[in-house]
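One structure is given below, represented as structure tokens, and several questions about it will come after.
So that you can tell them apart, the chains are marked A, B and C in the order they are listed, and the count of residues begins at 1 in each.
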Amino acid sequence: MKKELFKFLIFTVLILVAPLAFKGGYLMNVLVFVGINTMLAIALNLLLGYCGQISLGHAGFFGLGAYLSGILTATHGLNPWLVMPLAAGLVGLLAYLIGFPILKLKGHYLAMATLGMGIIIYIVFNESVDYTGGPSGLSGIPALSIGSTSFDSDVKSYYLVWAFTLGVCLFSLNLANSRVGRALRAIHDSEIAARVVGVNARELKVRIFALSAVISALAGCLYAHTMTFISPASFGFNFSVELLTMVVIGGLGSIYGSFLGAALLTLLPEFLRAAHDYDIIIYGGLLMVMVMFMPGGLVRSVPDAVRKLVRLKGGAGNA
Amino acid sequence: MLEVSGITQIFGGVTALKDVSFSIAKESITGVIGPNGAGKTTLFNIISGIYTQTSGTVVLEGRNISGLPPERLAPLGMVRTFQNIELFSSMTVLENVMVGMHTKSSSGLLACSLKMPWTFKEEARIRDNAMRWLEFAEISDLAGTVAGNLPFGKGRMLEIARALAADPKIILMDEPAAGLNSQETLGLADVIKKIRDMGITVVLVEHDMELVMDICDRIVVLNLGSKLAEGTPREIQENGDVVAAYLGDE
Amino acid sequence: MQLDQILQFALSGLSTGAIYALIGIGFSIIYNSTGIINFAQGEFVMLGGMLTLFFIGLLQLPLWAAIPCAVLVCTLAGMLFERLAIRPLRKPTPINLVIITIGGSIFIRGLSMLLWGKDTHSLPSFSGDEPITIANATILPQHLWILGITLVIIGANKFFFYHTISGKAMRACSYNSRAAGLVGIDVRRMVLFSFVISSAMGAMAGIIVAPLTMTSYDVGIMLGLKGFCAAIIGGMSSGIATVIGGLILGILESLGAGLISSGYKDAIAFIILLLILFIRPQGLFGKAESERV
């Protein structure tokens, strides 16, 4: 447990000093998105990596958070800090209610149903033009502020978003190493055995689904207020698949893996500008390659490979 | 302790169990035997809440538990093990048993995530208790091993330790000796007797006749979905119908 | 709302429904022989249309020659997909299979976008665009082509599964693949076969619908999902129930677009999909099965 806390402190320090390394340049803006995507990847990972339940509709919860926040602040002029818990709570409630019928389904059927749910939400964003502005988007969302400090620059947004992201990280790490986290992993490994020792699998799956939706919606709120403009294109099926790719690349069932996957997939397009049109091929290829050759994700495969290499060298030295 | 009365189970027109009744005394070891296809595992799945019977009732300590799902039975004191051991294969041996204590602990999702002060105490209690059960099953040296890497015999003991961690009054074991070598089977017999001596009622489905005759206080024989006989091991061995059913099956 | 209009919507719904049925049967064939829901199914539909265009445009082939070429290439792609992505999988858990087939799906889509760009294209109709009047409604000759070809494919499919050795072997695998293996059926070959048949059917569906709806690199998702919806209504049957599922979906969509709002047309399929999965996961016509441990 001490080791876990130590790891988290190191991670926090690295995040806090990162802006110094980039001197507030253009990359700061990208790092804000790394933070938001990390939150989203952790949310999906709690459901998929820990509990073993897939969702292909998480972009929908992300979008609902963003639109609720956007509409209530930009159109109705409510205070963003008030709206944030309200939006997250509403999305959580919705997920909780959908959760009961949807999580009765397993495997392929669950994937299809969550995919359908995500697409319905996306269609609503596009079609309810009066509220969302339709395909052309919603603008004029205010930036968050505390007192007279407005989080309107990249560096300020960075610290704001990462404060939330680190909170979500710590929250999820605690959860993973607790009684409830063990029950989640037990459901993943053998649902029937978990039920036999008294884990109410049905209820717990729904709660994690709702928690995952709350975190996604929170990320949506932050996204809306840092971007100040949102449009449906950011919340479609492709983004759900991108989130899935982050989780699978980083490592199913690893919180730091989610960060790694999110960072990689967010930064990669920035460094490979030329590769812009290749992104979906790359995601598709990565998904297949990871599942086939590195099912543990980078967070496990890389240390394994390093260990093997060291042992190989050690062995050669002895021979 | 456990009353099974008039259990009938029909799967899509096929009658798997027909009007099966028997009762099980407290702190006893009862064996359910019968040729292949006699309906033993179906009966277990009904008692443990995995299937819901077509008709009939199961009563645990005076309480009708018919149709209750497995997660509701564990808090009432009934747990089971599986023929092809069902472990949480990606978790460590210790963690497996810690999950067994799920109903004996109560920290909720938020309390766990926010590490409320009382969760530390509970976590320590879960860990200590789980360790004790590992010692009981003589696998405490494997506490840190990932359960999926255990040899089959150790896996079986782990499954039993996990079931015991739920502090049951009655434990159902589906073919506990299947896949064990003779050495391990002897060890198993000792463990099962020790479990009874702790005051826990044991019901087992088993093919290993030597084990059944050795440890069971009572035996229920099923054949083709109906109860054929019931009695002490000696009575069963001398029962002509039972011998005929087994020879007919060969 | 006039009766004529309803008739018109129903008629056009019938032909899109036929397309959904073809795609849905493709889903069912693979599902029944492997337990996999192939998320890449829609991409083979897209490939059918795009490849036909490619053969017409680049190789200057006439339509009747381009179609078999496109179906052939699609079928090869389906085989490759099974061989390279599905078969080598060490831990074929449902989640891994979902991720692999989704990966395959967006990989194919991305590749098509690189090859053919993001523009929408239209395929020439098979026999002119002169509308035909039936009662007070009109339909295009292409609608008739779609209905006719669908009927032929479904008939051939039925014949294959019930009157040929390979077809019977595949049915045996779908009932109990272990038992089928024990009596000497090469189960892995049958799995490959199921990918061959469903990618060919998907391609054909993509080709006959392209003259009506245009085609582009990204039409696969929607068509695929709606085909899946048809299959779910039909209880994952590879026969008449899925055909009826497709037709119901096609007609409801067409009526919904006409009577309610065309923007929400696409949502209809997904709402039906969710309702069926929640309330009758065994399909509209199936009987409930007891869940086994």
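To be clear about the criterion, a residue touches a chain if its C-beta (ideal position, glycine included) is under 8 Å from a C-beta of that chain, and two chains touch if they have at least 3 such contacts.
These are the chains along with the protein names UniProt gives them: A, C = Branched-chain amino acid ABC transporter permease; B = ABC transporter ATP-binding protein.
What you are looking at is a predicted structure, and each value in this text was computed from that prediction instead of being measured.
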item: Selected pair, greater C-beta contact count between A-C and A-B; value: A-C
item: Centre-most chain, if every chain is reduced to its averaged C-alpha atoms; value: A
item: Farthest chain relative to chain A (centres taken as mean CA coordinates); value: B
item: Mean-CA-position distance for chain C and chain B (Å); value: 47
item: Geometric centre distance via CA averages, chain B-chain A, whole Å; value: 40
item: Gap in Å, rounded to a whole number, between the CA centres of chain C and chain A; value: 32
item: Residues within chain B bordering two or more other chains; value: 50
item: Set of chain C residues in contact with two or more other chains; value: 293
item: Numbers and ranges of chain A residues touching at least 2 other chains; value: 192
item: Footprint of chain B on chain A - complex, ascending; value: 171-172, 174-175, 178-183, 185-186, 188-190, 192-201, 207-208, 211, 253
item: Chain A contact footprint on chain B (complex, rising order); value: 48, 50, 69-71, 73-75, 79-80, 82, 86-91, 95, 98-100, 102-103, 105, 107-109, 112-115, 119, 122-123, 126, 162-163, 165-166
item: Chain A-facing residues of chain C, complex; value: 31, 36-37, 39, 85, 88-91, 94-100, 102-111, 113-114, 221, 225, 228, 232, 261, 263-264, 266-267, 270-271, 273-274, 277-278, 281, 293
item: Chain A residues within the chain C interface of the complex; value: 48, 52, 54, 56, 101-102, 104-109, 111-113, 115-117, 119-120, 123-124, 126-127, 192, 237-238, 241, 244, 248, 277-288, 291-292, 295
